[in-house]
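So, here come the structures, one by one.
Presented sequentially are two complexes of chain A, the first with chain B as partner and the second with chain C.
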Partner chain A sequence: MKLSILVNEGPYQHQSADTAIQFTKAALEKGHEIFRVFFYHDGVNNGTRFAVPPQDDRNITEQWTEMAKEHNLDLVICIAAAQRRGILDENEAKRQGKDGDNIAEGFRISGLGQLIEAGIQSDRLVIFGD
Partner chain B sequence: MPMLHTVNKSPFERRTLDTALRHAVKGAGVLLIEDGVYAAFDGTVVAEKVKAALADHKIYVLGPDIAARGMSEHHVIDGLEVVDYGGFVDLVTEYDKVQSWL
Partner chain C sequence: MSEPWEDDELDGPVRKFMYVNRRAPYGTIYALESLEVVLIAAAFEQDVTLVFMDDGVYQIKKDQNTDAIGVKNFSPTYRALEGYDVEKLYVEKESLESRGLTTDDLVVPVQVVNNDQLAELMEEQEVILSF
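For the complex of A and B:
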């Protein structure tokens, strides 16, 4: 089945980012297709490569990046939510006149249309949030 | 199959379990995850409500989230089904739609 995931909560905020990762992993193991993972609201904070959690703690962003690499996942960050929270890729940093970007490998920034498309194209849209 | 409703907050913190049960049609499923698993245990003030809901709904609870809270599956109300993440995925595909009560 074709599934899409919506993540509305940041990492280390409560549990939803972890639940989303575990669910996505389990869905891939069962042979389902993940059409897209869309990060919205505080969920965009999943996509910064500048976070440095303690070594004995899980690194949520790296878990996404690794999973994206292994399964060719489309990890999309909402542009308006990202701009409010300081998540930038190279293009956006340039466009906004900022001195650097912080988006993690495997993520890309795009618009809400990508969420609508995921809802239309997928058999199920599963939402994780606070 | 009708809709699967997921509840991720404790019934002692928010009203989302009540909201889910109020909107769930007969035959709809309810899956308790994250702090929502606190609704699954017997002997609490919400236990009778959960037991009554079993007449119209299948109610599932995510086992790893029970374990993560140091709770035991032995205290889960009779009639609830404990699932793992694979089971969560199966429920999402078996039911027609998923509604997350956040």
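For the complex of A and C:
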């Protein structure tokens, strides 16, 4: 089955990101295809490499990055939601005149059209959020 | 026997998208960012249905004034949906009535459906996004 994942809440404050990671991992292990993981609302905060959770806690962003590397996942952060919340890649930082970017490895920033396309192309769009 | 998700019909270019708005317009950003999804999605010419239920019915209430909370009043944007060919707007009867509202209180024309009818509508959808 071809699945896409939508993550609507930020890491740590909500369990959605953890559950989305566990679901994605389980789906891949079962042999399903993940067409795309899309991050919206505060979910965009999953993609900052500047988060430093305590060492005895999980690092959610690193979990995404590792999973993306291993399974060639397409992790897409919504540009409109990211602009509000200060998630920037190099291009966006330049375009907005900001002095640095903070996007984590394995993530990319793109438009909401990527979410709609995921809804069209996938057998199921599975949503994690409140 | 093929699995339901292997049904070829699901692979057509036009899918039935439903956006379910359940939250008050202010207090959280869900309503505003849901509207942003709907407007962008309109360009993809999918079969779009919008639902307002629970506190989400307040999103399309007339005469919103946000001056005192310093947040932009985005309710006029719902009136632009028609221009994007987003014309299937449903409001859950129970949500409307329990808040003392009627369709006269809303900024856009809607179809009022009860909870059972809404469940049937949801059953027909291929992608449901709830905000």
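Criterion: the second predicted complex is superposed on the first by the 130 of 130 C-alpha atoms of A that agree within 3 Å, B and C clash if a C-alpha of one lies under 4 Å from a C-alpha of the other, contacts with A are read in each partner's own complex, and residues count from 1 in each chain.
As a convention for this text, contacts are C-beta pairs under 8 Å (C-beta built on N, C-alpha and C of every residue); 3 or more make two chains touch, one makes a residue touch a chain.
The shown structure was predicted, so the numbers you read here are calculated from the model rather than taken from an experiment.
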Which of chain B and chain C A:Lys94 touches, first, second, both or neither: neither
Partner chain in contact with A:His71 - chain B first, chain C second, else both or neither: neither
Touched partner set for A:His41, first chain B, second chain C, both or neither: second
Partner chain(s) touched by A:Met1 [first = chain B, second = chain C, both, neither]: both
Partner chain in contact with A:Ala80 - chain B first, chain C second, else both or neither: second
Partner chain in contact with A:Arg124 - chain B first, chain C second, else both or neither: both
Contacts of A:His14 with chain B and chain C, given as first, second, both or neither: first
Touched partner set for A:Gly113, first chain B, second chain C, both or neither: second
Footprint overlap on chain A, where chain B in one structure and chain C in the other make contact: 1, 123-125, 127
Chain B to chain A touching residues, read off their complex: 8, 33-35, 64-65, 84-86, 88-90, 92-93, 97-98, 100, 102
Residue numbers on chain A that touch chain C, as the complex places them: 1, 6, 40-41, 80-81, 84, 111-113, 115-117, 119-120, 123-125, 127
Chain B-facing residues of chain A, complex: 1, 3, 8, 14-16, 19, 22-23, 25-27, 29-30, 32, 123-130
Partner chain A, residues of chain C touching it in the complex: 3, 5, 10, 13, 15, 17, 29-30, 33, 36-37, 40-41, 43-44, 46, 126-127, 129-130
